[in-house]
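So that you can tell them apart, the chains are marked A, B, C and D in the order they are listed, and the count of residues begins at 1 in each.
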Amino acid sequence: MPSWERIKEDFPIFHNLGSGYTYLDSAATSQKPLFVINAISDFYLYHNSNVHRGIYRLSEEATEMYDRSRENVSRFIGSRDPGQIVFVRNATEGLNLLSYTLGREMAQGDEILITIMEHHSNIVPWQFLQDRGIKLVYADIRPDGTLDMDDLQSKMSPRTRIVSVTHVSNVLGTVNPVREIGKMAHDNGSTFIVDGAQSVPHMPVDVEAMGCDFMAFSGHKMLGPTGIGVLYGRKELLERMHPFMGGGEMISEVYRDYSTWAEVPEKFEAGTPDIAGAIGLSAAVDYLRSMGMDNVMKHGRDLIRLTLEMEEEENIPGLVSYGPRDTEIRGPVYSFSIGDISPFSVNQTLSEDGIGVGASIHPHDVASSLDASGIAVRSGHHCAMPLTHRLNTVATTRASYYIYNTEEDVRKLFRSLKRTAEVYSR
Amino acid sequence: MPSWERIKEDFPIFHNLGSGYTYLDSAATSQKPLFVINAISDFYLYHNSNVHRGIYRLSEEATEMYDRSRENVSRFIGSRDPGQIVFVRNATEGLNLLSYTLGREMAQGDEILITIMEHHSNIVPWQFLQDRGIKLVYADIRPDGTLDMDDLQSKMSPRTRIVSVTHVSNVLGTVNPVREIGKMAHDNGSTFIVDGAQSVPHMPVDVEAMGCDFMAFSGHKMLGPTGIGVLYGRKELLERMHPFMGGGEMISEVYRDYSTWAEVPEKFEAGTPDIAGAIGLSAAVDYLRSMGMDNVMKHGRDLIRLTLEMEEEENIPGLVSYGPRDTEIRGPVYSFSIGDISPFSVNQTLSEDGIGVGASIHPHDVASSLDASGIAVRSGHHCAMPLTHRLNTVATTRASYYIYNTEEDVRKLFRSLKRTAEVYSR
Amino acid sequence: MTDVEEKTEILMDHYRSPHNYGKMEGPTAQLLEYNPVCGDAVQMFVKLKGNIVEDVKFIGRGCSISQGSASMVTDLAKGKSVEEIMKIAPQFLLDLIGLPLGPSREKCALLPLNTLQKCLSKLDRENVNR
Amino acid sequence: MTDVEEKTEILMDHYRSPHNYGKMEGPTAQLLEYNPVCGDAVQMFVKLKGNIVEDVKFIGRGCSISQGSASMVTDLAKGKSVEEIMKIAPQFLLDLIGLPLGPSREKCALLPLNTLQKCLSKLDRENVNR
């Protein structure tokens, strides 16, 4: 079991920011251990060159490092074959790749089933297909913040071509039963896509066991660099698909009026890839593996359990939090409001009651106030506007944890929240 | 004027590889100065966090650094407004973005005019549109490796919606008269796109003076990191276009069945961007600016001039090189064959004359042999198969120079080529 | 007290005890504007005498920046001519608030000024049309 | 001489003075294969006696690896049974060449073996069809 108190020492930014700084925005992006930063520098210092087809030592080294990174990531998520790992910029690009390529094969009246708790990156790419008469259908959540599985089932139809669901919600922390959803999707003849952006960094994930057809995630949320992400896809599906972008590396032969494609996964990697990014992500995977993903998950649960306990203890007036209270199905994400911050629309009228509704403190004010105490949290819709509206709010404050956070960080959060509530109480 | 002999010291890889190593593959990717490597590390060590909407110090710092990088790149290529700079992965993604978004507005029978000297990334994305009855037309080259401007003019038609041309050929080194081509394209009512992948790293480029509508280029070829590139676009055009990828950052509001877009350039940057990559590219721009792009261009010309002189002096049997001999219109790229390496097709028959045709040495053998002497060159079609076939060959060997190369590197190349020719002569 | 602390106190005073808060009976013009992304909303009421803003009130909801700024904007506007108000630059208001605001919070700060100026320009157009 | 230098010499000897080079009159089977990406081409001619490769020749063009390998493959094949040749694993040939080849050069090295095996399997199918 790693010594959680010592892990901060692996992350130089905490030393550089000073011990007073508490970073609680890892759901947006994680900090990076020196091990990852050095892996990137090392590539540029010792091995830098372009990959593929280079017939000189340096290029062969770079190619090998790039391929090994792919294999490492493949093993990390339980994929049998590195050919199933496509390097993309981020989870968002992975989902767009699917919207463009799978979208080609879809027709008017076809349906895509997602959930109301999706991140914009698992909504907007599918909305693009609405132009062509393809329908976007949303499964609802239950009052406890879990997915309404009955609603999901009832919304599957013979026209449902794709079921695309987040593994872990970046607002509620809900861990969705992806295995069960996958079975439902496949029984229905639908392709099953998982948004793993918030699960792969925080828990053991096995794509084969999960039975998904595709899964997208981002390196920067799992200790890796910005600019690199992964689309996992079952090989037989990737092989059947049209390429996404065209250019170098993704071709076998190019003639004036036609081209033939490289094998997967290269078929989906047009142009010079983010070689250093892939190598950095692979280093992040090594680091996480050395922690043990079970331990990483347990640490997140411990912190969220303490958070829910402190919430009850401190009893901050007007504080409402979202998401399941069962920490077994909860990622390390804590979103809350203080008072009513309901959406406002132009048809509404404002009342004269006074600014704010009741004892509310706007999430932007909460975030600014916490920032003044050296705590970084995020406020807003967290790229999940439909969910935020579904929760009858327009913005929340979100604290999210990772391996370098400690129980003291959680306590500090509540101490500062209490002070904020006092300053803003009128 | 920079001291060219000393510049290698800024690039730790040369120290690490040993003084005997000569890197002549900068057209594929450049080496990185410590200044750039450190800029990337510094971001992760001191400022790492996600950009946009974060209401805490660290996120504001990251946002500011990201925005400043955009401004810096904008100024570097003479763009008036940083809103015209879209960060992408590489030149290839920039061109694909255009193929998808401009392609939406095109109809059967419309034409795209490119040249036979294009890189695959300026061919394949346009081939994708052929499905929809859009035609891809190629302008030819003249025997001296320059673009045949009469052919280009004659291939413009009222249906030519796009003219897309590389600024500098990555095989021939030809610098195309983009200003003139832009005028022709605009007079014809066509959108003018420039592939700047081989020009922006090597010469002063001013998009306003050039009069292009769009220009794509890659960071990794200009001392910057892998994973970051730029699509420049005239603002009024970007504003009119449909977005490319959907997700976080690129939206203003998302509702269940529709979304509204963020302003440009964010509209085209879906998901968490490669923040460290943009910052690294900006550092590369600072480094290049400190050299002076006029000096960079002059250094490239000096090396290519020496190359052409040595070619004549050494007179290696069977050596044929491609591209203009006027160094005023020539980038620092030297592609050549030794003997006849013409394409072979299944309709042909093999002769019994003996292996190889005449005194030919296959480019793969040339590259392997040079590698054995510590010289990295590239061999193959250089992602330009149609051009390679047009030159009546199937592969060439390419040496390409950058600021850290010296006259001694050129001399070493020819010494080794001579030895190779001897070893392979039979 | 540092300058930022002082400016924060001033804004928080405006937020906690806003000046000119409430609806107005029979205003010359009124306008409600809101930001769907963060839910800030401001409704401005103006009473003109000739060309001069004789009275201005607002109601609203939202964060301390948007609502504190609204209170400051009403103070600023009172007694000024329509032309003077139309000339108030966003940076002038940001300087008055005097806090280092990120781009998203600048939007909050400027919502009240935008609302007031839009409200008056609407009026102007109506006057011209008469 | 290091091992790599020695192996290089052997391959270069095969390249410069290929064994079994030339066309064959009246072969039992022949096949031409080529790689459009690098232009390597190999044509294999086989004469069978029963199940045994009595003679094999090749002509070709391309790089030292593809042509040297073709020469080595013909040496290897002579006197072997069709089954034995079909069982030669790519790695066996790569080990025989014994040079560290990158992935693109491995393709060159394997072209002759692929050509020969394809040529024989074609023959096999034809036999079965008879």
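Odds and ends about this structure:
Note that contacts are C-beta pairs under 8 Å (C-beta built on N, C-alpha and C of every residue); 3 or more make two chains touch, one makes a residue touch a chain.
Just so we're clear, the structure is a prediction, and the values are computed from it rather than from any experiment.
Between A-C and A-D, more C-beta contact pairs are found at A-C. Ranked by distance of CA centroids from chain B, the top chain is C. Taking each chain's centre as the average of its CA atoms, chain A and chain B sit 32 Å apart. Inter-chain centre distance (chain A to chain C, centres taken as mean C-alpha positions): 39 Å. Here the spacing of chain C and chain D, counted between their Cα centres, is 84 Å.
Centroids of chain A and chain D (each the mean of its C-alpha atoms) stand 51 Å apart. Among all residues of chain A, those that touch two or more other chains are 53-55, 59, 253, 364, 368, 380.
For chain D, the set of residues that touch two or more other chains comprises 36-37, 104-105.
Residues of chain C that touch chain A in their complex: 12, 15-16, 18, 21-23, 32, 34, 36-41, 43, 59-65, 67, 104-105, 108.
Of all residues in chain A, only 341-346, 350-352, 354-357, 362-365, 368, 380-381, 394-395, 423-424, 426 touch chain C in the complex they form. For chain C in complex with chain B, the residues that touch the partner chain are 36-37, 102-105. Contact residues of chain A toward chain B in the complex are 12-13, 16-17, 23, 25, 28-29, 31-32, 36-37, 40-41, 44-46, 48-50, 53-59, 89-93, 95-96, 99-100, 119-121, 123-125, 127-128, 130, 136, 138, 218, 220, 225-229, 244-251, 253-259, 270-277, 364, 367-368, 370-371, 375-380, 383, 385-386, 389.
Touching chain C in their complex are the following residues of chain B: 52-55, 59-60, 63, 252-253.
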